[in-house]
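Read through the structures below before going on.
The following pair of complexes shares a single chain, subunit A, combined with subunit B in the former and subunit C in the latter.
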Partner chain A sequence: MTERERRPPETPGPAENAPDPEDAPRSFTESVGAWFGTAVGGIAIPVASTVLAFLVGGLVVAATGHNPLGAYKAIFEGTGLNPLSYISEDDRRGAWADLQQTLIIFTPLVLTAIAVAFAFRCGMFNIGGQGQYLVGVYAAVLVGTSLSGTPSFLHILIAIGASILAGVIWGGIAGILKATVGAHEVITTIMLNWIAIYGGQYLFELGGPLQGAQESIPRSDPVMDAVHLPAFPLSTGLQPLHIGVLVSIAALVVYTLLLNRTTLGYEVRAVGFNPEAARYGGISVGRSYFLALAIAGAFAGLAGSLDMLGWKYTVATNDIQISAVGFTGIAVALLGRNKAVGIFLAALLFAALQTGTSARQLDPAVFPPELAIHLSTLIQALIILFVATELLIVYIWGARKRLGFGGPARVQPELKA
Partner chain B sequence: MNASRRLPWLALLLAGLVLALGAAACGGDDDDDGNGAGDTAAETDEGGEEEQFRVGLVTDIGGLNDRGFNQLAYQGLQQAESELGVEIRVLESKSDADYIPNLQTLADEGFNLIISVGFLMQEATATAAETYPETNFAIIDAAFDPALPNAQGVLFKEQEAGYLVGYLAGLVTESGTVSSVGGQKIPPVDRFIAGFQKGATDANAEVQTLNAYSQDFVDQAKCKEVALDQISRGSDVVFQVAGGCGLGALDAANEESVWGIGVDADQAFLGDYVLTSAVKRVDVAVFSTIEQLVNGEFAGGETTSYGLAEDGVGMGETSANAPQEAVDEAQAQTDAIIAGEIEIPETVE
Partner chain C sequence: MADRPLLELEGITKRFPGVVANDDVHFELAKGEVHALLGENGAGKSTLMNILYGLYHPDEGEIRLNGETVRIDSPSRAIDLGIGMVHQHFMLIPVMTVAENIVLATEPHKGPFIDIAGAEKRVRELSEQFGLAVRPEARVESISVGQQQRAEILKALYRGAQILILDEPTAVLTPQEARELFDIIESLKAEGKSIVFITHKLNEVLEVADRITVLRRGKTIETVPREGATEQGLATLMVGREVLLRVDKPPAHPGDPVLSVTDLEVDDERGLPAVRGVSLEVRAGEIVGLAGVDGNGQSELVDAIAGLRKVRAGRIVVAGKDVAGASARESLDAGVGHIPEDRHLRGLVLDFTLAENLSLHDYRTAPESRFGWLYPRKMVAKARRILKEFDVRGGGPETPAASLSGGNQQKVVVAREVSRDPAILLAGQPTRGLDVGAIEFVHRRLVTERDEGRAILLVSFELEEVLSLSDRILVMFEGRIVGEYSPDVTEEELGIAMTGGGREQEAAA
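Coming up: the complex of A and B.
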């Protein structure tokens, strides 16, 4: 017990090394560098990266001969997130319809981001969110198209349970490989992604075991009506918001509690901070690796079932190929700093960008929709680039001294007190 | 301690949010009239309601400048705008999450005809057609099953175009082996390939045909790999049936100095190594569908098939390096196909 209670040493991050602001007078660049230095690990860098990405995106918009402010305003209006839209009766309906679409996209992003974040806190980079999501999709389709006659509520629970289990298995395989033979999780999860993609190809292609009744289309049967998730209160339209969005928000709470309030979470964080020290402290490192990836897989698998039971209902081989929700989840986790609140905001930003730039929202006179599609991708990529190169920014701003010369500094999974 | 350090940043973030909202609010007062496409569309609607038909197009995830399918559909729509005077609007889908909201947006705005491009949208289009019985729907490359009274399926006889280019391939091959690279084993792709194989063996019974699928419509590297493998096995004519991915197959043909054959759009612009293209005139189909509507003959509940006779498919421009007599001979098959004298299979065994 004493071992467990002992706090691992504080991260000797740049923040702690930052010199006292009251120090000798410094040049402007040094001051700004110090500003970034103290902010590393905080929320300033993600916010700054986002702002910077939007600025660069704005330059691109201006380069195409359009007004960046007008374009951004139109995009923002299209996300349904502008509270002012809800004041007038006329705008409210449209804004709410947009917000529903934003939240539909938001839901799986949160979960796949947790799948990345949870593994990251154990010191692992889970690239396999996509594969874990896909096996969750397959499991939901399998259960959702069979077991007819099961009471609706039970049917939904079984389908979601099956998806979570599938995700656990998919993540767990990589975890076991890491724990037993030390196979690097980056390699194994990427490979498992391909197995999931081509496995789905096999399942749903023409003549595949789960291909639907329509012979000429490589697609599953739609899941039964009984297994559809209930619509969100007051939701509207042909593709209404489903209650899965509440599940994803609950998952954020579960993620935080699991990580910060349980022995398991403590062990996961300790291993993530320093596996050798954790081992010395009596923690089974291999077990933590396995559990972290299995639990990560559970979240991603859950995302798969919420999408299937919430609004997609059916999956085609092409959907499998083009789906990238697991990979976007990596970006969301990165931007969200693996924190629940961060993931929430980052997922909302990415989902809003996608909805706001959809063609139906934009007046071609303000900004051509065909450019907007690329603009959202551009901004997302820039955000990630800037987040990932935060240390480069620190470096550029003259913070070199604080980083020392002991090799490139790395972002450590933070171990909170 | 941790919390106290973060607090200022949180405050800063909140302040930033408030500022951003304020800015948005101010902007909102400035230009209320140009706000949102819905308004503008609605205004024009009130202005010219008498006779003007409004036609919307929803693309699948390929996007408008995919140099194939969606682009051709857009061309057909633009042609209808200029020649038939219809009002048009295009909504590109960025992901499958956009299909239904896009269709619904157009239907809510009172468009007379909404055309979806690509069989991936079949389910979504059927859902929309059931919900909006007053609106006409059409889908390119798919049929409705079960049929809906206000929805028309639009298919192509790809096998006829495949036959013509296959026939030409059979005539020009020197190694006696021709091959096809399919994107995925789906009916439209297989109709092209089935026609290609039949045409090649009809032209020359000795010809061997190879066929493989890349399982991808986007990644050029995959199709290139498949094509290189086929070329190493003796193929000297490579027919790509894989959209954007297939450009990789043509690239392989170029590198290995063998013939390539394009698909969907006329891909002769790639170079003289492109023997010809099996074109699928999505633009013709889109235009004809709109013409039906304008003439009051929209064939709801039916599935229309566009073949050589309707100019819906065909053989594209031929390479300047292709032997003229072979080209002429292949083109001469057109009449026989239209007359129904040649039985062309639709599936690859």
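Coming up: the complex of A and C.
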């Protein structure tokens, strides 16, 4: 049997009697598949996509008559991520404030990205992060505006627990539907998003059951001071940085351990890779679907409470309409390849883009903020486009090689003739 | 045989990334000759023939037809040169008739219309000339696999093939159909056609071939005439070492029944009855072979015992416990071990490491996990021990299953199932797609397990395998057990029972 050791990976498939696997030339899908195999967890495509997106974004900046390098530099300065900003006493205060802002945005992105990633590892595409996040927001507001007199620490725990529970229910509904009647999670989670959005609209609109004391504003009461998350202001500018950022980083650790070091994670991954083999192995596939979506919902719900208890304190129907943190989470998970480190970096990138291009941070002389906001959206969209079309990029790359660019020049002999 | 070969392949080398599929291969074919190309999976047989048929281009070497060097850069060029190929997976359009398929792309015309009657007539003539019985006006989807194969051969002949390449033609056929194919090959030969017969089955080679060329690891090992060739000798050439072909097994000492199935009824995916009242018993220390043509309810029966399929009626008792309608987990816990028919679909999570795959049934219990917390190191340690015991090569515990060869993947599946020490082992086509060396391993292991007192239910579509391994043989046809035989029954008798011919026998009994 030693002669079989040199065999390359056999292509998966039922065709055991098929022509000898290594005899066949590798088709496009096979070679991409093999490449993909080595690149999962790799950083080549996400990094290349990001660079490419910034290049295209730069072209757009140039087209508006501005200097792309100058604009990018100004945006970067506004993120608080430039270590050089911390040298001079004068700049330091502003830089801390920028960083604070970046991290506040970063926090829910990490959590909604985990909500996508965890379901994805079970073979499902959870589009419902937005809805799961919103019900988390509502639960936090509900608890945060009631139960007065509860000790602060306990009150916070109850509020967070309520948000997580709300997320679990919202994700779990989609999970149960998938496990029992096979309803596709993409459809059900999108529907649940709308239910959450319109449900919130109803709750907080004028005359709604949870509308606050100010009768003319469709908005909840602010949560009580007792449930405000502890904060450690890096700077006194704007919102102080709440401890939610630490929670979100802890969540990344929990995500990784849950997936790789628990029997539940083993089941989720087995189902995600091959539900038939998982079933054969004795795993209840339906139960795994349910648990994966419920847990995904827990992470997104948690994001909702951290935002409410950390810095927003109140929710208005307007906020519900324009919030997109759950959808951005999909992009973050995609760019981060569902890995903890990847999600961390991708969330930081997206949060920094949002902060750096906001009106407060950007110098209008260098690049007008009203354009910059769109630039931020443009770059995010391009990154996702490039990550999602990575197969195409790989293919173009392969075609280039076949045509002889980068390889030994094959056209040479013909030129001589 | 003519003095000068009709076809010569000289020094053919073909490299794929990381692999030399053909390494300086020599092959020749005389007019009117049946030349078998024998080799294990991955030996380079199909590559060589795909080069001949213009699907690949060799990196080195040349092809000579009637002594003249030819360049075959496409299948249409091959067809022009009189080379036809019957692929293992047929290239027929199911909704069209046999005649329509055969004349496709070269349709005879009558004015602007396709001359179907003329096509059918021509096809009928060809089929009579070569003894290829198939109705030209039948739709492809309505005829048997054997007939579809004949349509493929007719297609090649219709296009003027003088050289016919048959790629593993018996893989999809029943024993009877294979017999008929051999007769067809004889008559093609009598009409002066030359045939390349690709296979890894030794008995077929000795039956039809005039000469045999053995490939191993992309190299030509030897070309031998049929006279004087033996299965043992060929197997040694093929594998590169002595191989035990016949399963050497002492008589069985059956003990108490471990599995008893009573009046079992199971439906297939479409909700149609697939198993219709099967009763059988497997005792400790015996191998019961379940013979039958694919699709006669064997898979559904095995799935039902393994808890993977709903049971409509009947009882399944494993080691004293009724597991009819139990979940897969309950069946596993009751003592069912299961080597699934399809290791890629079910047997392995290809993206998991070998360690994770080897714990597929046991990840929930100590020492692999405690209170829901996994101990990957324990899984790796167990995997290291099992991989060593079962001589799995090509990777360690942390290697993804996908990167192993088919034979080694199957060893992993067998190792996992056997090492759990099940009361009853269900072996579904345990050697499908494996080559001689790996088959030998699996067979020996099954016999060892039997000798140690395990009950084994073997499902196989390879009659030879059923005959050589089983202590008792049950034949399944249309969802029923239609006969029980001892292993000294002939292949012919079994073959007849497998196609329903044995029913009267049972009725008489």
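Everything that follows uses one rule, which is that the second predicted complex is superposed on the first by the 353 of 417 C-alpha atoms of A that agree within 3 Å, B and C clash if a C-alpha of one lies under 4 Å from a C-alpha of the other, contacts with A are read in each partner's own complex, and residues count from 1 in each chain.
By definition in this document, a contact is a pair of C-beta atoms (placed from the backbone, for glycine too) under 8 Å apart; a residue touches a chain by one contact, two chains touch by 3 or more.
For clarity, every value in this text was computed on a predicted model and none was experimentally measured.
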Between subunit B (first) and subunit C (second), which does A:Thr64 come into contact with in this model arrangement: first, second, both, or neither? neither
Decide which partner touches more residues of subunit A, taking subunit B and subunit C as the two options. B
In the superposed arrangement, which partner chain does A:Gln214 touch: subunit B (first), subunit C (second), both, or neither? first
For A:Pro83, select first, second, both or neither according to whether it touches subunit B, subunit C, the two together, or no partner. first
Touching partner for A:Arg269 - first (subunit B), second (subunit C), both, neither: second
Touched partner set for A:Gln321, first subunit B, second subunit C, both or neither: first
Quick check on the complex: what are the subunit A residues that touch subunit C? 1-10, 12-26, 37, 260-266, 269-270, 273-274, 276-284
Going by the contact rule set out above, which residues of subunit C touch subunit A in the complex? 16-19, 21, 41-47, 50, 56, 87-89, 167-168, 171-172, 216-217, 240, 306, 308, 327-329, 332, 338, 340, 342, 344-352, 356, 360-361, 363-364, 369, 372-374, 376, 391, 393-394, 400, 402-409, 432-433, 437-438, 441
Please name which positions on subunit B make contact with subunit A in the complex. 1-2, 5-6, 9-10, 12-13, 16, 21, 24-25, 27-28, 31, 34-40, 61, 63-65, 90-98, 100-106, 119-120, 122-123, 127-128, 131, 142, 145, 184-187, 215-218
Residues of subunit A defined as touching subunit B within the complex: 39, 42-44, 47, 69-70, 73-74, 76-78, 82-84, 94, 97, 101, 104-105, 198, 201, 205-206, 214, 216-219, 222, 237-239, 311-314, 316-319, 321-322, 354, 357-366, 369-370, 373, 376, 416-417
